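Presented sequentially are two complexes of chain A, the first with chain B as partner and the second with chain C.
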Partner chain A sequence: MSFFAILLGIFEGFRVTFSIVVVGLCYAVPFAFCFGILQYFSKGPLYVAVTAIIEFWRSSPVVILLFVFYYSLPAFGITMSAFTVGSLVLGLNTGGYASQAVRAALQSLDRGQYEAGVALGLPRFQILWSIELPQAVVSMVPTFINLWIQLIKGTALVSLITMVDMTARAKEIAQIEYNPVGIYSGLLLAYLIICYPVTIFGRWVEGRNSQEKRA
Partner chain B sequence: MGFDFEYALSIVPQILKALPTTFLVTVLCCFCAAVLAFAMEFTRRSGRILGYVMRFIIDAIRSTPILAQLYFVFFVLPFYGLTLPPMVVGVLGLSVYYSGYLAEVYKAGIDAIPRGQWDAAKALHLSRWDTISVIIAPQMLRNIAAPMGNYFVSILKATPYLAVIAVPEMLGEAFDIASDTFRYAEPILVVGIIFLSLALVIAQLVRLLEERMQQSLKR
Partner chain C sequence: MCSSITDKTEVQNAVTISELSKFYGEFEALKHIDLEVTQGERVVVCGPSGSGKSTLIRCINGLETFQSGGLEIFGEAAGGKRNGKTDPRHKTGMVFQNFNLFPHMTVLDNCTLSPRKHKRGTRDKLDALALEVLDKVKIKDQADKYPSQLSGGQQQRVAIARALCMEPEILLFDEPTSALDPEMINEVLDVMVQVANEGNTMICVTHEMGFARKVADRVVFMDAGEIVEIAKPEDFFSTPKTDRAAEFLSQVL
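Let's look at the complex of A and B:
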């Protein structure tokens, strides 16, 4: 097999990689905003509960979470498909990290913004929605892009729970043909093709953000 | 097949026996990654062309999954006749991966140092190495202690990846037990709980250290 044929073979797994990323994002973004905002507002027992949930998703290693959800939960009567486990675990893990970006961005806003809202007699929800969030989102974007790359890279792990993504395709090809150099550089290249543009985009956004701050 | 608590408890000691391996790998990786990242970051700053090359290398490391990198090192090196023990391959792979991230941390830490420090070093006619080691590095270390601590926790959490290349750390041990008894649920859950508690405890330690440093800076 030529290098190009190997690369094409690896990209046969792209559909799985791509759908896990998309579904994962559908878990990650709502989780990040819900729990980030809840952690920002809550006090006492609710704060402890919210923090505990976030820390669970953030502090456990993703591989282990994947295996626990895939192999251990069925013993408790909860059985999910590999696709559900993959997107759920990767999504919520990323969401846990992202929720901290949401909370930090809200906390770093000038207090005067909130006070001005109160002085205008706006209800608390509207202060959040039309004053705090729009400003906070701008400073969250670079972190979100980095986490998005993390999520894309994380999908390589679903190959360990029987899904045939790009990494699993590479391993399949490796079983047909002994060509480790071609196959595994092809695999690295395949991920580089997907993630590098996002990395560059992230740098660009970051550069623009810091320029605005200086101006 | 339900969950057997007695069985789960009975395998805890066996899994904990792999804990030293996990710690050893973590400490080695933290050290190697920190040193490697230091070299990478100062290469990136040293010359124009070399700087661009290094920048691409760092971005490339950060744009590919650790799993793919581990497979690459594990399967490609033997092809060229270099067969290393899995442990060495694992430490090498994880160190390279995290050095990409730590280089970025160093970059932020150095950018935060006022330009005047470089100028003053130049005015004193210090060599480039003296400037870096005596003037820049100490100030950088103070700036980056917190994010670096977070990455060290990440390295601890990344050690289970090494199970895929047969390093006998905790997850690998759990799979060994599982393949003996055909019960996967218990060993894996036990490893999960151990890792979660480890990560929480160490993250808490990092936070304490961070507060300490901030207090000593204020004085």
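Let's look at the complex of A and C:
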């Protein structure tokens, strides 16, 4: 098998990897904003509850979460497809990290911004939506891009719960043909090929943001 | 001592503060403040650092809560906490020491944000109104720029325009020129004089004594959380009644 043929073989798992990432992001981004904002606003018992949920998703090892959700939960009558488990666990784990970027970005804004909003008679929600979030999002971009890339790399773990993603394809090819160097460097290259555009996208967004302030 | 020395008794009170006390924890930042400001009156508040000037002005517009006493805006009671649309404090506009412009919005959008969100009119109409106000503060040509592209003096004039665009009945200023380079102070003071001469009710914390002399109806001198002296500017500057005011004046003049 030529290196190119190996790469093509690996990319047969691309659809799975790609859809886990896309659906994972659909969990991660809303989770990050909801819980980051909730943590920013809440006090007392609500704060503790919100923080506990975030910490659960952020601090548990992804491999263990995958096993628990895929292999243990059915024992309690909850059965989810490997795809659902993979995207949910990876997405919310990423979302847990990202929520901290959201909260930190909101907290690090100059308090004068909030006060100016109050002085203009804007309701709290409006201050968040029109004044705080637009500024916070800009400072969240680098972290979000990093986490996105981490999510892509993390998808390699779904091969452990029977999904045939790029990593699982590489292992399949490795069983047919003894060529560890070719196959695994091909796999590395495959992840690089899908991660790098995200990096470029991130640079583009950051460039646009900093331009906006000057232009 | 604290009663109004203007005798326009038929004029409505814009702000009535009675026995207002404000604590930060154990620390009493405002001690039983009494102050009445009539409609159209221009009051300058001065006093040493930490005397509670900012705290007083922030209580008036609801950025700080207070623990006891009363605050009325045009006869309507305002509680310690600012309370949505029905709070009479929506009639106050505020200009901050550090401008606090919104860096992600153009000058024009900074000015129209509040009127837009309060649905005061169509976007076109509000833009036109804001441009008129920006013209008044002599910065209309910068309407499409972002705050970071302006000098400090220009930014503060935008902040004044933004406050004016709310069409407030009372304008509050908290040391609007203290963060400015000396050469920019006058352009802001000129605008403030102009705004004052249009008959707005103004309460202005400032140490710009020239400004106080020019526009203030009364000067309120605070020290250690109390109003120590209230007088007409010409009296206050030439013959302060209290030692504390005399000492303060000897330091700033």
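We take it that the second predicted complex is superposed on the first by the 197 of 215 C-alpha atoms of A that agree within 3 Å, B and C clash if a C-alpha of one lies under 4 Å from a C-alpha of the other, contacts with A are read in each partner's own complex, and residues count from 1 in each chain.
The definition used in the following text is that a residue touches a chain if its C-beta (ideal position, glycine included) is under 8 Å from a C-beta of that chain, and two chains touch if they have at least 3 such contacts.
Since the structure is predicted, the reported quantities are computational estimates derived from the model, not experimental observations.
Engineer: When the two structures are laid over each other on chain A, do chain B and chain C clash or fit?
Structural biologist: Overlaying the two complexes on chain A (C-alpha atoms) leaves chain C and chain B fitting together cleanly.
Engineer: Return first, second, both or neither, reflecting whether A:49 touches chain B, chain C, both chains, or no partner chain.
Structural biologist: neither
Engineer: Quick one: is A:63 in contact with chain B, with chain C, with both, or with neither? Answer first, second, both or neither.
Structural biologist: first
Engineer: Classify the contacts of A:26 with the two partner chains as first (chain B alone), second (chain C alone), both, or neither.
Structural biologist: Neither partner.
Engineer: Of the two partners chain B and chain C, which one touches more residues belonging to chain A?
Structural biologist: Residues of chain A touched, chain B against chain C: more for B.
Engineer: For A:196, decide between first (touching chain B), second (touching chain C), both and neither.
Structural biologist: A:196 sits against chain B, while chain C stays out of touch.
Engineer: Across all Cα pairs of chain B and chain C, what is the smallest distance in the superposition, given in whole Å?
Structural biologist: 24
Engineer: Common interface residues of chain A with chain B and chain C?
Structural biologist: Touching chain B in the first complex and chain C in the second, no residue of chain A appears in both lists.
Engineer: Given the complex with chain C, which residues does chain A contribute to the contact?
Structural biologist: Chain A residues touching chain C: 110, 112-113, 115-116, 118-123, 126, 130-131, 134-135, 138, 212-215.
Engineer: Which part of chain B faces chain A closely enough to touch in the complex?
Structural biologist: Residue list for chain B touching chain A: 1-3, 59-60, 62-69, 71-72, 75-76, 78-79, 157-161, 163-164, 171, 184-186, 188-189, 191-192, 195-196, 199-200, 203.
Engineer: For chain A, which residues are in contact with chain B within the complex?
Structural biologist: 55-56, 59-61, 63-65, 67-68, 71-76, 149, 153-157, 159-160, 167, 170-171, 174, 180-181, 183-185, 187-188, 191-192, 195-196, 198-200
Engineer: Report the residues of chain C in contact with chain A in the complex, numbered from low to high.
Structural biologist: Counting only chain C, the residues touching chain A are 61-63, 82, 84-85, 89-90, 92-94, 96, 98, 100-104, 113-114, 117-118, 146, 148-149, 162-163, 166.
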